[in-house]
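Labels A, B, C, D, E, F, G and H are assigned to the chains in the order they are written; within every chain, residues are numbered from 1.
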Amino acid sequence: MAMQIIQKKPESLTEKEFTYCPGCTHGIAHRLVAEVLDELGVREKTITVGPVGCSVFAYQFFNTDATVAAHGRAPAVATGIKRARPDLCVFTYQGDGDLAAIGTAEIIHAANRGEKITTIFINNAIYGMTGGQMAPTTLLGMKTTTTPYGRNANNDGYPIHVSEMVKETKGVAFLARVKINTPQDVQKARKAIKKAFLAQLKGLGFGMVEVLSTCPTNWGLDPASALKWLDEHMVPEYPLGVFVDKVGEEQ
Amino acid sequence: MAMQIIQKKPESLTEKEFTYCPGCTHGIAHRLVAEVLDELGVREKTITVGPVGCSVFAYQFFNTDATVAAHGRAPAVATGIKRARPDLCVFTYQGDGDLAAIGTAEIIHAANRGEKITTIFINNAIYGMTGGQMAPTTLLGMKTTTTPYGRNANNDGYPIHVSEMVKETKGVAFLARVKINTPQDVQKARKAIKKAFLAQLKGLGFGMVEVLSTCPTNWGLDPASALKWLDEHMVPEYPLGVFVDKVGEEQ
Amino acid sequence: MAERVLVKGTEAIGEAAVRAGCRLFFGYPITPQNELPEYMSKRMPEVNGSFLQTESEVATINMVYGAACTGRRVMTSTSSPGFSLMQEGVSYMAGAQLPAVLVNVVRGGPGLGDIQPAQSDYWQATKGGGHGDYKLIVLAPSTLQEAVDLVSLAFDLADKYRNPVLILADGVIGQIMEPVTFPEFKDPNTLPKHDDWALQGAIGREKHVVTSFDIDPVVLEKMNLELVEKFKKIESTEKRWEEYKLDDADVVITAFGTIGRISKSVVTRARQEGIKVGLFRPITLWPFPYKRLEEIVKGKKLVLDVELNMGQMLEDVKLAVKDNAPVAFYKRMGGMVPTPEEILDVLKMELGR
Amino acid sequence: MAERVLVKGTEAIGEAAVRAGCRLFFGYPITPQNELPEYMSKRMPEVNGSFLQTESEVATINMVYGAACTGRRVMTSTSSPGFSLMQEGVSYMAGAQLPAVLVNVVRGGPGLGDIQPAQSDYWQATKGGGHGDYKLIVLAPSTLQEAVDLVSLAFDLADKYRNPVLILADGVIGQIMEPVTFPEFKDPNTLPKHDDWALQGAIGREKHVVTSFDIDPVVLEKMNLELVEKFKKIESTEKRWEEYKLDDADVVITAFGTIGRISKSVVTRARQEGIKVGLFRPITLWPFPYKRLEEIVKGKKLVLDVELNMGQMLEDVKLAVKDNAPVAFYKRMGGMVPTPEEILDVLKMELGR
Amino acid sequence: MPKAKGMIEVNQERCKGCGLCISVCPTKAIEFSDAFNSKGYHPAEAKYMDKCIACSFCYYICPDVCITVYREIESA
Amino acid sequence: MPKAKGMIEVNQERCKGCGLCISVCPTKAIEFSDAFNSKGYHPAEAKYMDKCIACSFCYYICPDVCITVYREIESA
Amino acid sequence: MTTRMIFAGFGGQGVMLMGQIISLAGMIEGKYVTWMPSYGPEMRGGTANCTVVLSDEEVASPVTDKAEVIVVMNIPSLVKFQTDVTPNGFLLINQSVIDRDADRSDIHVIKVPCNEVADELGNLKVANMVMLGAVIGGTDIISTDNLFKALEKKLSGGKSSLIEVNKKAITKGYEIGKMALAK
Amino acid sequence: MTTRMIFAGFGGQGVMLMGQIISLAGMIEGKYVTWMPSYGPEMRGGTANCTVVLSDEEVASPVTDKAEVIVVMNIPSLVKFQTDVTPNGFLLINQSVIDRDADRSDIHVIKVPCNEVADELGNLKVANMVMLGAVIGGTDIISTDNLFKALEKKLSGGKSSLIEVNKKAITKGYEIGKMALAK
């Protein structure tokens, strides 16, 4: 009898420690992407396009060539890279401020063009990096540093449903909303992320996974409670599901 | 027996002649908006927010206080006006380059906020003003000055469906797609435009009408053929319909 | 006398705006100015004003444009990359002659840079970051009290000249707390309504049009020349600066904003060591007080310009100084802020001491 | 000798880019440069290149950023309002040291302005329209042949210095046709690949990172200083200008781009009337040839600066001239272009004739 | 229902001769004029007004708001 | 099916003491350490490894990729 | 010598092409040339025009407000441009569309029935070439030969079948131009 | 006289508040004061700190790299800041979290068992006030009275119920500070 490693830090991550708060699920999403890059054997041809947001340091974490896009513009940067080098595997990693606010036009048009890139969209209902301001995805009634009286639809608008909008574009080859607050969900999320990369690698079009994620710091919750809060508050507003799947089961 | 005027140029238009090409249906859309302003008696409290596009001169045509927004930013400008003066009636008039390309983020977020403004969205599948370049709404295969070999989904993406996306935002109170290439359709369009204004005036939220419109000049067709082309090519891609109606029938 | 209170720079600016009668704020988060929109999100509802967190800085500036079209006082605030995104809109506002107060709390650049204090947006602020011929009135506070006072002034100047006014601050001004005294509240109803041009609904009058556009170059040239006239007028009447111990000085330090403040203490220390140093601190970066500086530097041993950038105001200093005195330059960059000791050392070195 | 062909300015620039090995073009329509993206939409597929009409200028510049990250030659083109929207991205590119060639075919501003030729984006181009300390190399052609030549040069300089290069043209350069001779085609495979830093996949090597960002101001300051060094080097080696009949001149006209060209004919006519006029035409607006101009103007009766703006290059002219000669200025704005006769009249008036 | 009796007026100076009114008029009451207007277009002309049924189609489709439509009513 | 026998290793220096692994471990095999790591956190500790069933839940949920999971296999 | 020319008319009348062909001919003839269009929104109701400068020395300014030769193809262009012809210069009027006279007596006015001639040739689209012929007939600024070469270059490829009728139009126009001067 | 102070620790340890209260007290005492935070991404693992300058003259520079008084609430802060204390200055160490000594002998080092004292008072959250008390006990830079006034101002409104326990914490800390010096 001997002990065999069945899970360990993937090769596609560097040794650099994450800069996230304790219990922040950004880290899980990172690991999942890295696992998929390992599994697909594409690390050496992958370019990471990091965002501005708590994951601004993503360029240090993924063991791939990498750049940092201007806030919201990662899909445009990724498009530029992909048009220059269609043989590379290009992905963006973006928060909900980055993708669903300032970057709205870029994500929608990348999707609509069927740009052969992959987007990991971290929806944590908050601007983490800048100190907990309202995101477009912030829930109604939720207090943030810019909705001190709670988000009020009349003044601040409604939680925005990016995946539901993106699914209306014809260039999307894979699109799903997942969560990563339980071990089981983490594994499902990994499958979705893999398909979002396959959409690109098979030349089918744009692939995106919206990941419901926690921000214990700005939600004012301890890490474990944040996992529960996600189920109780975010999932009802943002139902999970696969919106588009042109990749199919064969792999 | 005497003759009574039953149709004439509405009060909400100035005397200024339109600068549109002969047979361009931009002019019909203008007249419809003006008729609705007349009917609702709101000319004196209306602010026109014109775009950049062939309708850049709209500020001269509507007999209301008016401004010209930067390309694509009319919904933001309208938001600024409305937040400053919620008692005013504010509308934007925008082309498909203006609204569906550069102005994507602004229109989606205005809709998502349920901004109490009205948007008239002229979809003519082309950049008219600048000389017939591809718009995001240009049909596949269509030749334009920037798709000399015909629009090709693989390089240029797909015709974008703005109304279908906007309907996924919760702030919308009225949303319809109409066409104005027959007298009957013109009258239907007028009803939709009226409701889009009522959505604002009743404080229900954001109102938008997507108007399928012609560009005889850049389509390379005579005006009457352009009306037919619209039915044959645009309607199949952009089905007409009312997507959201919180205004209801009572008026 | 009004009470002195200890406040953060961002809040000082926000409260000063509220007291100046500003009831409209549009903003998008960006460090190091987040506390300003945060403050406004709380404060605006209290005074029946309107706060909106926008989807981007591009949207922000166009909302400010819209709000300004109605003649009401409106403000926004951002930091360097955000201000770059506003350049098209700023140019539109200047072209359409719209009053508004903009705040740029500058951080290290270029690009994403970092979030520490910098002064590297001087050129962008004073020479026109956007396209076309226009000028912003640019005010650079060096203390929070001055920031409070300049915010009031900014709204008045914006209204007076129908021109956007920019408060050019930096991470230090944005983040520090110090005691300030706020002015009284202005009643928004007593402020200029701009009934002669603002968009308020064409009730019983000809329609108003606000635009930066005219397709006919003959007309546009006239509009341009009108702007040029206005800018000349502003140049001749609105220059502001501080002179500190210049009367007997051999050496002139030129510096603005936070460095202006730090340089005061350099002056004090230098004088303790017997070096006669004075400070010339432009408060309006545009219009820049060229003439006064030209007068001052005549016969001086040295002009030492100190900035948190690669030498941006330096060009204006040289335009004023010409060949009338040697000009030295000391810089820190990337968000680093020099200590008074450090500057004093440079000064001594330049003097060969 | 290669054939002379009659082409439009926008097409001349496009074809010159193709011949320089550029295979990537991103652009968004805007008058008066639409023919350039239109040309590229046709041309790129012919040479196995990639043309993409983008959703906006903001997206454009970030696509250019992305493409430049791979080390390939890439170009975009726009006109004034569009270039304002690119400022954040331009600052990012300069910060990340990315090579690319940008074209601004300037039109009347500010704001929406009009679509006629102007030079009112000089400050934006040369002083940094975006935030932070950076410089673009700015090339201003005055004929189509020069435009063709400068496009080649622009790509080489961009690669050499890892810096964006801006071709500052105007509506005249963009729209006219005149005969040009194109250089030979460069084989893209022979061009610099930038294997030492470009993003190409980390195959058997350490990962590459391209960024303008470092959270630590100590590091960012170092990055900034590296840029400053680079800019100094460019300043010392890359200044370009044209001198025309200056040897015996009493009067120096300073002008760039289209006005530089028009001023040549002013020189001719003035000399016919016995007035000894010469022309100093900066070709690199940055780095500006201060020193050479300073040498030239010594002892001259008059320097007449002529521009299509309110006096933007004028500041650089003054920085060079100092008190060494009187400087006069003549402007047209809003898209108006002066005739040689008009300029000659001004010149005579300034000379008291 | 007896057909209404109608009449239209065309603002010929404003007209751009696009012909859309002509193309939609159910009674072919409108034709192009032979004359040019000052913009150089052949404007539409209300030619056979006896045929006009006041349906307003021409008004609805005219992109340049050149048409005024009248209907005969019982005199008050 | 007999439960697998497993074991985990925690990179305690990297750990931020968020406790998520502890919260999901079905066999309560993990606990906080009493000691601080150099970042000042109480890291997770693989305490009751006899209980570990190699389910990998802790690995899946750990946001800082601190955990390596081993499973006992028939030796080859 | 420097000759400045303005071609003005409706967008659809081919004024831009006229200017381009004569520029090309100028280049073939070894002159310095520039061509500059008026440009703007695709509109419609205004006049489109282009300016051509042919010169023995480098062309300083491609823009001008006076010209030695001005061609007007419609009434608004006549109104707008007739005052800009330099004394002793040439004004060429498209008689088929312009039913009025010029107000100038210090210049050469040449009236050309462009549409009628083109109609005779069986292709209304060559009306502009008739005018172009008249221009060189009247002014002798370029040789017919070089104009033909320019035409061939411009119409090479898909449109080469049209070369003949265009040449004919030029020739007809040339005669009209020559005759007008003879008068 | 000018006193520069740095308060450093984890984000959650209330270092920013400590600085703000002492600044407020300084203002009440009629001094010139500035408070400047380190700021950055919400992170996490780094140290947060703020700089306070109390002075009899206008404060020139709110930023400093040396300080007369430095408070370190955790190990990384000790490591980072201990060298920045000016000779004869004060280094205050949160003994409850920092299990090691300072390397300096040319300064006054005061160790404060903040958490234990706070725990005794029944509210772990006042650990920072214990430290603040120790600062003024050790340095006499501000009167207790004015510190209390500042505290009251800061905690007015919703949090006023907490004033008492905070005052107690300050008093306890004050004694520790005084005693440490007496040694």
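Note that in this section a contact is a pair of C-beta atoms (placed from the backbone, for glycine too) under 8 Å apart; a residue touches a chain by one contact, two chains touch by 3 or more.
Quick caveat, the model's predicted, so the values are computed rather than measured.
Asker: Show which chains lie in contact with chain A and also with chain E.
Answerer: Per touch definition, common to chain A and chain E: B.
Asker: Looking at every pair of chains, which two share the most C-beta contact pairs?
Answerer: The chain pair sharing the largest number of C-beta contacts is C-D.
Asker: Could you tell me which chain lies farthest from chain C when each chain's centre is the average position of its Cα atoms?
Answerer: Here the answer is chain E, farthest from chain C.
Asker: Approximately how many whole Å separate the CA-defined centres of chain B and chain F?
Answerer: Comparing mean C-alpha positions, chain F is 59 Å from chain B.
Asker: How far is the middle of chain A from the middle of chain H, if each middle is the mean of its Cα atoms, in Å?
Answerer: Chain A and chain H have C-alpha centres separated by 41 Å.
Asker: Give me the residue numbers in chain C that touch at least two other chains, ranges are fine.
Answerer: Residues 31, 50, 52, 55-56, 58, 81, 88, 92, 96, 111-112, 115, 211-213, 215.
Asker: Among the residues of chain H, which ones contact at least 2 other chains?
Answerer: If we look for residues of chain H contacting two or more partner chains, we find 40-41, 45.
Asker: Give the residues of chain F that touch two or more other chains, as numbers and ranges in rising order.
Answerer: 16
Asker: So in the complex, which bits of chain A are touching chain F?
Answerer: 1-10, 13, 17-18, 20-28, 30-31, 182-183, 186-187, 216, 222-224, 227
Asker: Touching residues of chain C toward chain H in the complex: what are they?
Answerer: Where chain C meets chain H, its residues are 4, 6, 31-32, 115, 117, 143, 171-172, 175-179, 261-266, 268, 337, 339-340.
Asker: How about chain G: which of its residues touch chain D in the complex?
Answerer: Within the complex, chain G touches chain D at residues 20, 23-24, 27, 32-37, 39-41, 58-65.
Asker: Using the touch definition up top, name the residues of chain A that touch chain B in the complex.
Answerer: Interface residues on chain A, with respect to chain B: 101-105, 108-109, 112-115, 136, 153-154, 156-161, 164-165, 168-171.
Asker: Under the definition above, what is the set of chain D residues touching chain C in their complex?
Answerer: 58, 80-81, 83-85, 87-88, 91-96, 106, 108-116, 118, 120-121, 123-124, 127-134, 211-225, 227-228, 231, 309-310, 312, 315, 318-319, 322-323, 332-336
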